[in-house]
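You will see chain A twice below: alongside chain B first, and alongside chain C after that.
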Partner chain A sequence: MDQQTALEKVTTIIKPYAKNLAPLEEGNLDARILEDLGVNSARLVDIILAFEDEFEISIDDETADKVRTINDAVRIVSSQA
Partner chain B sequence: MSPTPPALGHRDRLELFLQRAVAWVFTPVSYYLAWFWMRFVRGYRISGLRAFRDELRRKLGSHRGPLLVCPNHLTAIDSVVLVWALGSGLHYFQKDRDFVWNLPERRNLGEGLPLRVACYLCKCIPVLRQGPPEVTARTMARIRHLLAGGHRVMIFPEGTRSRSGRVDTQEFAYGAGRLVQEVPGTRVLCVYLRGLNQETCSDLPRRGETFHLGFDILKPTSPNKGLRGSRDISRLIIERLASLEEEWFVTHRPTRQ
Partner chain C sequence: MNRVVITGMGVIAPNAHGLEDFEQALRQGRSGIRHMSRLEELNFSCQVAGVPQEYEALAREYFAPDRLVAMNSGMIFTGIAGLDCWRDAGLPVADPIEGPVDWETGAVIGTGVGGVDTLGDVVFPRVKEGKVRRIGSTSVEQTMASAVSGCLGGLLALGGQVTTNSSACTTGTEAVIQAWWHLKAGRARRMMAGGAEGVSEYIWGGFDAMRVLARGFNDRPEEASRPMSASASGFVPGSGAGILMLETLESAQERGARIYAEVVGGHVNCGGQRNGGSTTAPNPEGVRRCILGALASAGLSPDDIDVVNGHLTATMADPLEVQNWASVLQRAPEDFPWINSTKSLIGHGLGAAGGMECVASVLQLSRGFVHGSANCQDLHPALEPYKSRIPHQTRETDARILAKASFGFGDVNGCVLFRKWE
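And now, the complex of A and B:
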């Protein structure tokens, strides 16, 4: 899957969980999901499970722990999808 | 399949061993000081305390393995009241593994030395929520180590005090489910604790409050592994807490649900 498509889908999935939407609207790929977007850590788990469902991939715990930024998420899903 | 979680390092093992030993030595002091404050300064009572302890002992039977205590969360001293409810000072002195380890948010402890010392003596492991992954991993390794060693650990599945005053079945955390998955044989003690006058969350229960308890022991499982399994198990725990809450309201406030 190309990065642009992955980015659009990742952004769509994260949006409902983000308290601060500005970094998403600015397209800031280095925005940290927990700190900058204000996503609760439990909801980050929901986001990763939503990635699994949307992209039909499997993300193990170790890889999930490495998802810190939007860029990390895009990289992981586009490499596996 | 999830990889096996990393084992605890020697330094962390030593620190936990020391804290356990020091806490055990001070158990008669720390327990009865807290008990005296609750019982005589604040005037708290736990209704049916002896029956609760007897029933808990009966339901646990011969289980001496990992026990994760998962209560609802309404006040800042829920964990202290539950330590009182779950055993006497003498019991904890004889069986120190039964004195639950608590996991308070590090930021809530502040910088005051007295509170930090009290937390150390009362078997607290401060956790940093939303902290760096390496810090979270180390804390989880400590908790797993304790559970695997047959200690009791208390974790609030809601993650924070309930602002609505009712168990939050939507915005709960998944740490409890993760621990159940990662430590084989873990049983979950769901406890619903609420004072008769407790409406929503607060720092302290009202003076003279009488607490009523309800509990169940679960062995929650999920066909899923990893994060999905953690979420499934956490949901089972939170749903049992919510049903215990319903039972509490039916029994104690039949006209005010």
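And now, the complex of A and C:
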């Protein structure tokens, strides 16, 4: 899957969980999901499940723990999808 | 001991959302009971229920998406009624992230059954399938007993005691009494109090199996909830939330708050499931002691009560309830207080019932009316002597003291006394 498609899908999945949408709207790939987007840390679990469903992949816990920025998410899902 | 008054209210009920709409619904006798196709699909005997209308669309207006993903219907009702109550009390809503904590305000928000919709739809199926990981992160905060109070505490940045009580159908009224005690004792300036119950076939299925839900009115939903009627056939399950802002009189006057009524007395007890009492039926002595305890706490006599907003669910217990009131009050039928049942219009909200009905009670007192009790033109024969005191149509009154009672499984009782603020 190309990076642009992966980015669009990742953004769509994360958006409902974000308190601060500005970094998403600006396309800031280095934005940190917890600190910059204001996502509740517990919700990372739900975001990972949504990635698995959307991209039909399986993300183990160790890999999931490495997802800190939008870029991390795009890289991981596009490498497996 | 502090005097305690009510300075704000919020309600989302099957027949109305918001105080103005709720007042009009009560005055007009507008029913919120509807046929539920889902209950028909599931072969319920009772296929009617009271559900706040279009509440999901309302929830999207009230809550940001990141909060809504972890809110089941009981929490949504709590949030809507709680935010409305807070604003009605004239208090500023804190910023959802950076806003200050209000260390002077707490909450007692009860629920009877809680987030069983989340358990049934999300948790149980995935656990049984061996897919625990797929439950996601939001189930615990929606199914813990204190989900409703926890939700409200976060929405409003409450810093006092934030807790949930649960005592079956007495829950909402008990919450108001607990908050009243808390403020009388000087433990806070304000306490939000009431009850909430979600929409769930899992909750209602158990009552349907007990054969205590209304039968024979599936094609006439607005006639199904018939408290005090000879043709009452069981209660109509309901849902929603009603929340009141209780505040010390000193605090209310200091900030120039509008006051609806004073909470002048209250009592809760249990009949011990003896002498006619059981898990599902009240010991009459327990009921009488509860009402007398409320009167004693207020320093009032039985003659002072102008209106009784009864528990009155539309089961065979209705005549017994009125007989218990008669036994305590010792007043001739023609001198009996007005007595009505809000459940005739909204069904039985279980853990939310006391909250929604306390809001209805305070609205009636503060705005000078007693709403008509619907669907009891064919009064139960045992209630005939009180016929003139059971209004079928709304009446304007100058009532000063209203007694609100709730009774619940476990043989538990609650009675709170409100005085009109003049």
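Throughout what follows, the second predicted complex is superposed on the first by the 81 of 81 C-alpha atoms of A that agree within 3 Å, B and C clash if a C-alpha of one lies under 4 Å from a C-alpha of the other, contacts with A are read in each partner's own complex, and residues count from 1 in each chain.
Throughout what follows, contacts are C-beta pairs under 8 Å (C-beta built on N, C-alpha and C of every residue); 3 or more make two chains touch, one makes a residue touch a chain.
Bear in mind that the values here come from a model prediction, so they are computed numbers and not experimental data.
Trainee: Which partner chains sit in contact with A:17 here, chain B, chain C, both or neither? Use first/second/both/neither.
Mentor: second
Trainee: More residues of chain A in touch with chain C or with chain B?
Mentor: B
Trainee: Answer with first, second, both or neither: which of chain B and chain C does A:40 touch in the superposed model?
Mentor: both
Trainee: First (chain B), second (chain C), both or neither: which does A:62 touch?
Mentor: The first partner, chain B, only.
Trainee: Once the two structures are fitted together, what part of chain A is touched by chain B and by chain C alike?
Mentor: Residues 40, 42, 45-46, 49 of chain A touch both chain B and chain C.
Trainee: How about chain C: which of its residues touch chain A in the complex?
Mentor: Interface residues on chain C, with respect to chain A: 64-66, 69, 96-97, 133-134, 136-138.
Trainee: Give the list of chain A residues in touch with chain C in this complex.
Mentor: Residue positions touching the partner: 15-19, 38-40, 42-46, 49.
Trainee: Would you pull the chain B residues touching chain A in the complex into a rising list?
Mentor: The contact residues of chain B facing chain A are 2-3, 129-130, 133, 137, 159, 171-174, 226-228, 230-231.
Trainee: Under the touch definition given earlier, write down the residues of chain A that touch chain B in their complex.
Mentor: Counting only chain A, the residues touching chain B are 34-35, 40-42, 45-46, 48-49, 52, 59-62, 64-66, 68.
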